[in-house]
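One chain, chain A, links the two complexes that follow: it is found with chain B in the first and with chain C in the second.
Presenting the complex of A and B:
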C-alpha cells in the first residue's frame, strides 16, 4: 500500500541534488550530471518495461533522435531557444516512437524485442552511413540553447551551473510525471496490461492504444534525455543510437529494479558508477583496459544475488504475492 | 417473448479442416439461465470465445439486441455489455482483490488522459467494484492479494471481475470447476440471483448443477447442437441420452 509519505525520499534526494554543486569538484559535478541524464533515460524505459511489461531493446533510438534534433535544429546560427528546441526534440523522438510503436506493438515477447532492436538499428545506420548528421564522426553543438523572454536571458545552458539545475529540474519533472501516471487510471490500466492483457481486453480495454500511448510517452522522455545529453557533451555521434546504449539502459532498469521509479534512478546511479569504477586505472590498474569484462562480471553478480534489483534490498516486508509478480 | 438479448445465428468456426463450432443457433434472454453442455472438445469454450469476441467467426452472425456485432472487437463487445469469465482462473494475482474488480470496472470510465486523478480515488469504479465484491461475498478479503485467495475464492473473483464491468449478458465458462460442495452451493445461489436481471450462459460439466439451475439446456456434440430445450425435454431426449448421458448401449 502506498502511504502518504512516499514523496519524502524523492524530495530529500532532490534537495540534496540542488545543494550538491556547492561541494562538488567540476569532475564530480559532470559525473552527477551524466547520472541525472541517464536517470531520465532509465525512467523513460521503466514506463515501458516495468509499468507496461514491454521489454524494448531499441530505446536508444529515441535518445539519439532527441540529441541529433537538438544539434541539427540549432545549426550554426547561434544559440537556439529552448522554447522551440525542447518541443522539437521531444516531438521528433515521439514521432519516431509512434512509427515504431504502431508496427512493433503488433508483436509480443521476444518478437517485440527483436522488432524494436531492428528499428533502432535502422535509425542508427541512417545517422552512421549518411551525411545527415555528419556520418560516423557525429557533429558538434556549437551554441548551447538558451531560454530568453522579451530580450532577457533567463536560462543559458552554456553555463555549467545553470545546465546542472536544468537537468535536475528535468529529472524531477520526469519522475513526477511518471509517478502521476502510475497512480492514475491510465497507469493502473498499464499495470493490468502488464499482468494480464487478455483479462484487460475481456474487461473492455482496447489495450493496443494504451500500449502505444505508453510507447510514445517513453520515446518523448528518452528524447528529453537525448537533448540534455547533447547539450552536456556539446556533441553527438551515432553511438548514442547503438544497441549498446539500448542494452545499457535496459541493464540500468534491471539492476535498479523492474517496476519501480526509484529502481530506475538507483540503476542509473549504480550502472554509471560501476562503469566509472571499472574504467578507473587508478583503482584497477591494467585491468581498466578490459572494463567491459569487469563490468559484465559485476552485473552478472548483481543480478544473481539481487534478482529483484538494488531496490529489493530496502523492501523486506512485502507479501509473497507482491514479490512474485511485483 | 421479446427479442433475445444476445443471439447466435448459424455461427461457425473452422480451424483448418476442423469445424469446432458448426452452425450453432442460440438465444440468450434476460432472466434466463441457458446452460451449454457437451463432452470435452464439443466446442463449448470456442463458442464462448466467439460470443465474447476473442475469436472471430468463419461464418454466421452474432446479434446484440438486434445489432450485428459479429465484427466488433472483444473490448467493444465488453463495453456494450457482454461479460465473460474464464475456465482457467484469469485474474491479476499481484493486485488486491478490490483492485482486481476496480480495474475491470474502470473499463466503463477509462478517461486515460486524466493523469491528475488517482485511480484509487475513482468513485465510479470503486463503487462498482464494491458492489461486485459484495454480490460474490468477497468483501471481507478485499484488501488481500488476489493470488493468495483459495481456489474457490478465485473462482468467485472471476465472477466479481465480470460483474464489475456492468454486463447485461454473462458468459460463464465452467465457474464450478474444482469447487467444493459448499462453494458450489454458494455459486449456484449467486447464479440464480444474477439470473433476475442478466442473461446468463453457463458452460458446465457438473450435470446435477446444470439440471438444477438451468432454464434452457443446449447440448453440443462435435461443434453442432444436437438438442436444445427445457431440462426435462433434454433429460428424456433420445439422441442426448445416446450421445452424452451414456445410455442406449
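Presenting the complex of A and C:
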C-alpha cells in the first residue's frame, strides 16, 4: 500500500500563502484575500454538495447572516472581541441552517434545490425590506474586531497583514476540519448517503439526522466566511444573501470539482479570476462592459465540456473513486 | 378594513395569483415532463414584458393582436431554444442544469441590456381598457386589472382543455407519469418536449406581456417572479397544473394581504406559507395529479 501523501499539496499551498504578502502589491493581496474567503465559503458548500450529495441553492443566506451578525453585534461601541463575535456569527448562521435544514431535508432532488433557494430569498427580504440591517443600502462595520487577552491585543483585524493571516488560518482550519470529517465515521455515513441513501437506511442509519448535522455544520462554516468577508470589506449589504451569490458558490464547487476539498479551493480561485478577467478592460476592451455575457457563456462551456471540474483535468490516471475521495 | 377595500384587495390577490399561475404552470410542466430545473424561466417573463414594450408602438390600440403576436414570437423562441440548448440538458444531473440555466440568465440579462438598454420603461394600457369602475362609495377598480384576470382565466381554461381533452394533452400527461413508456410506445418524445417547452415559454411571456402595463418593465424583473414561482411549484406539487393553480391563488392572497397588514415583513409571508406546507405535506398539495 502506498503511503498517504495527500497532505503534501495543501501544506505546500499553505506555506506559499503564508509567504505571499512579502511579494504582493496591495491590489493582489486584496484579491488573494477575497479568493481565500470564497474558498472557505466554497469548502462549506462542498460538505453538502460533494460529500453528502445535497445540492443547495441557498447557501449565500448563511454567508450573509454571518456577515450581518458580525456587523450588527459590533454596533457603534468600538471594536468587538473575536472571543464572542466569532461564536455569535457562527451560531446565528448555524441556527438559520437548522431551521432551513429541518424543513428542506423533508424534500429531495429538485424540490430541495427550490426550497433552499426560497428560504435564502426569505432571509434576503428580511435584510432588504426591513430596518434591521439598514435596508437595501446595508451598513458599515465601523470597528474591526480584535482578539485581546488580559489587556494585551493579540490580533487586530484592522491591520491588513493580520487580517490576511487570520483568513489564511481560517481557511487552513476549515480545510483540516472538513478533511477530518471526511475520514471520520460521520463522513463515511455522509458518503454512504450520497451514493445510496436507500441502502444506508436499510443498513440501519437514520439518514435525516446525519444530513441535518452536515447542513448545520456547512451553514456555520459559511457564517465564518461571512464574518471574514464583512471584516474584509468593512460593510455588508443584502446582495450578500442574493441568489446570485448562491449560484456563484455552487459554480465554484462544480468548476473545481465535486466531492474533493481541493476542488472547492481551485473552483474559488478559478471563478474569482474568471470574473476578474471578464470584467477587466485591459484584457477584453469594450467586452468588459458586458462581462455577464462572457461569464455566462464561459460557464456554459465549462459545465458542458468539463463536468468533472478542473480537478478532473489534472488527474487523468486516477480512478473515479480516487477522484471523489481526493 | 371596510367591505369595498376588502373586495379590492381580493380582486388584486386573484389577479396576481392568476398571473403567477401562467408562469408557474409552464415551469411545473417542464419539470414534470422533462425533469429539467430551469432557472431561466423567469427570463421568459421578462422577455414578454419587453416584447410588450417593443411591440406596443407597432400595434397601437390592437392590444389583443399584439398579445397574439407576442405569444407566437415567444413560442418560436422557446422552440428554437429547446432545440439548440435545453435538449442537451435532459441527460445531465440537476446540479449541471442549475448551473447552465443560471449562466443562461446572465446571458439573457446582458442581451437585454445590449438590445433595449437598462432603463425602466412603462407600457400604457390601450385606451379601451383604461379607466376604472366604482366599487362602493370611495373605491374604484381599474378595468385593465379586470381584463388581466379574465385573460388569465381564459388561458387557464384553454390549458385545462388542452391537457385533459386533446391528444396532445394525453401525451403530455403520459409523459409526466412515465417518460420511457411514452417513448417506447412510438411517440416522438423530442417533438413533444419541444412543443411543451415552447408552450411554457409562451405562457410565461404572455404573463409578462399582460403584467407590463400593471408594473413597469425593468431589468432583473424575471428573478423575483422565478423564485415566487418556485414557491408556487413547491406548494402545489411538481408536475401538477391543478396544484399550481391552487398554490398561485394561495400565494396571491398571502402576498396581497401580507402587504396590507404587515407592510415591512410582507416579503417573507409566502415563504412562511411554504414552510407550513412543507411541514404538513412535504410533497406539495397535489403531487402529480391533474
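Everything that follows uses one rule, which is that the second predicted complex is superposed on the first by the 315 of 326 C-alpha atoms of A that agree within 3 Å, B and C clash if a C-alpha of one lies under 4 Å from a C-alpha of the other, contacts with A are read in each partner's own complex, and residues count from 1 in each chain.
Methods note: contacts are C-beta pairs under 8 Å (C-beta built on N, C-alpha and C of every residue); 3 or more make two chains touch, one makes a residue touch a chain.
Source: prediction; values computed, not measured.
> Touch check for A:221: first (chain B), second (chain C), both, or neither?
Neither: A:221 stays clear of chain B and chain C.
> Thinking of the overlay built on chain A, is A:229 touched by chain B (first), by chain C (second), by both, or by neither?
So A:229 meets neither chain B nor chain C here.
> Applying the document's definition of touch, where does A:195 land relative to chain B and chain C: first, second, both, or neither?
The first partner, chain B, only.
> Looking at A:184, would you say it contacts chain B, chain C, both, or neither? Reply first, second, both or neither.
Only chain B; A:184 stays clear of chain C.
> With both complexes overlaid on chain A, does A:203 touch chain B (first), chain C (second), both or neither?
first
> Output check: A:128 vs chain B and chain C. Expected answer is one of first, second, both, neither. What do you get?
A:128 sits against chain C, while chain B stays out of touch.
> Under the definition above, what is the set of chain C residues touching chain A in their complex?
Counting only chain C, the residues touching chain A are 31, 35, 37, 39, 88, 92, 94-96, 98-100, 102-107, 109-111, 113-114, 223, 227, 230-231, 233-234, 238, 264-268, 271-272, 274-275, 278-279, 282-283.
> Looking at the complex, which residues from chain B come into contact with chain A?
Spelled out, the residues of chain B in touch with chain A are 52, 54, 73-76, 78-79, 83-84, 86, 90-95, 99, 103-104, 106-120, 122, 125, 145-148, 161, 164-165.
> Where on chain A is chain B touching in the complex?
It comes out as residues 177, 180-181, 183-189, 191-192, 195-196, 198-207, 210, 213, 319-322, 324-326.
> Can you name the residues of chain A that touch chain C in the complex?
My answer: residues 49, 55, 57, 103-104, 106-107, 109-111, 113-115, 117-119, 121-122, 125-126, 128-131, 243, 247, 250-251, 254, 258, 290, 292-293, 295-297, 299-300, 303-304, 307.
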